[in-house]
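Here it is: the structure, laid out below.
By letter and in written order, the chains are A, B, C and D; residue numbering begins at 1 in each of them.
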Amino acid sequence: MPDDIHAFIGRDAFAKFIGVELLDVGEGRAQAQMAIGPHHLNGMGRVHGAAIFGLADLAFAAACNSHGPVAMAINVSINYIKGVTEGVLHADAYPVSVNPRLGTYTVNVTDDAGDIVAVFQGLAYRRREKRGGEPQEER
Amino acid sequence: MPDDIHAFIGRDAFAKFIGVELLDVGEGRAQAQMAIGPHHLNGMGRVHGAAIFGLADLAFAAACNSHGPVAMAINVSINYIKGVTEGVLHADAYPVSVNPRLGTYTVNVTDDAGDIVAVFQGLAYRRREKRGGEPQEER
Amino acid sequence: MPDDIHAFIGRDAFAKFIGVELLDVGEGRAQAQMAIGPHHLNGMGRVHGAAIFGLADLAFAAACNSHGPVAMAINVSINYIKGVTEGVLHADAYPVSVNPRLGTYTVNVTDDAGDIVAVFQGLAYRRREKRGGEPQEER
Amino acid sequence: MPDDIHAFIGRDAFAKFIGVELLDVGEGRAQAQMAIGPHHLNGMGRVHGAAIFGLADLAFAAACNSHGPVAMAINVSINYIKGVTEGVLHADAYPVSVNPRLGTYTVNVTDDAGDIVAVFQGLAYRRREKRGGEPQEER
């Protein structure tokens, strides 16, 4: 499973493109990080909300796919708490509730001082086939 | 104002990096688009939820900053409706409710067939100074 | 259909208990209202967020069940914009996106002055059987 | 503080009306419960989403006001996981992130079997005066 999920995340072109790195994953949890660069900033010189979302989303995807069946996000709610301009951002994803069809995860994004930057809550729908099987198109 | 907001969005390095283009903005509304490329895909070969978020977020930022004062996202909730793999994604942001301190906007993301891909609801906090003024740090 | 949905909503004991009244429903839209009484207030003497939610939720339920199959809420995100203490609250629900399995609706709650009090975004999962059929338990 | 917050919650007419009981509160956490009665059901004979929201919201309000300054909800996102028809529902609220202006809390709602029924994420804005002071109207 760990190899499988690392391979799955390794094919995530967008996460790679924006510079998100998966650190650890297993049993519904995942940690990731992103070193802030100039391409992550918004028009006010702060890290873009969508870049923070991208980091958190990768940790969420790794966490909710670590259980086996293919999981797809159906809703995310994100609260932005603190603006940041530099350093490394850290994401820690953990399960709040997982049943056979729906899983809810929280991802905390923190800065180098350990302050919370954003709180991400993701709801994933878990399909019945395994990764690698032919996905039945539902959406 | 239109020039001002175009300049503001023009400094948005992350939106440029991921390939989001602002088409039109004014009076609380904004349209943007993103031509899907291989760097937008996730491990399943579909457009990444975070890339869709990035497109919607740019339209939201343009719409809520088109009124004047600096607005910052404090919460976003996004529902993912349909998976996509190619073509151009379109975002249309419009105001649902705007008062002096808080603004709520909906952004619909559609594909080339006109189908809804995602629905984004953003809540922005509007600070009292104008863009270009010295921001008082609140968060 | 209109009779069917009125009967369905008529069996909604909680909506009746808190004083929500369905005004109109059809084609994915619904309007409801709630006359504010002392039992709706919170510890600060304002209408309770959960009472506002209850009003909006009834309009959402009516709207998303007006299409036929049984729809169940899987996520709601609500933004509270303005506090209120008296009068009548009005809810207007309309569809943002509806496909065979998922529907997203926005509900605007306004006060007697027409000001937005809250914006509610609901995501419903639409089951395949019709109302009155034996529900297959999925959750 | 515990007395203060109990008095504050004791004035919550809506929570009392729908039958929510505060069990414990302190240091950003709170527990509450609600014994399911016929007035809590929806048109399908299950506990109404708005009743579940009401229980969770009381625990959230107690938790986020346990720190001192008056806190008001600005956004809530709730995921519904499991339908229930009888017994007692339990809510456990805990802080995810609290800074001087914004606090994010998660509330888990469980049934008598210990299964998660709903996950509630609330964002509160903390005003600068203490409870009992004259509130400056911002919304």
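Basically, a contact is a pair of C-beta atoms (placed from the backbone, for glycine too) under 8 Å apart; a residue touches a chain by one contact, two chains touch by 3 or more.
Source: prediction; values computed, not measured.
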### Listed chain pair A-D, B-D or C-D that repeats interface A-C [over half of contact pairs the same by residue number]
B-D
### Message
As a test of understanding: of all chains, whose mean C-alpha position lies farthest from that of subunit C?
### Response
A
### Message
Distance between subunit B and subunit C based on Cα centroids, please, to the nearest Å.
### Response
27
### Cα-centroid distance, subunit B relative to subunit D, in whole angstrom
31
#### Entry: Intercentroid distance (Cα basis), subunit B paired with subunit A, Å
20
### Task
Pull out every residue in subunit B that's touching 2 or more other chains.
74-75, 77, 79, 81-82, 99, 102, 123, 139
### Task
Would you tell me which residues of subunit A are touching subunit D in their complex?
75, 77, 79, 81-82, 96-97, 99, 102, 104, 106, 108, 115-116, 119, 121, 123
#### Entry: subunit A to subunit B touching residues, read off their complex
8-15, 17-18, 38-44, 48-51, 53-54, 57-58, 61, 70, 72-83, 135, 137, 139
### subunit A to subunit C touching residues, read off their complex
74-75, 77, 99, 101-102, 123, 138-139
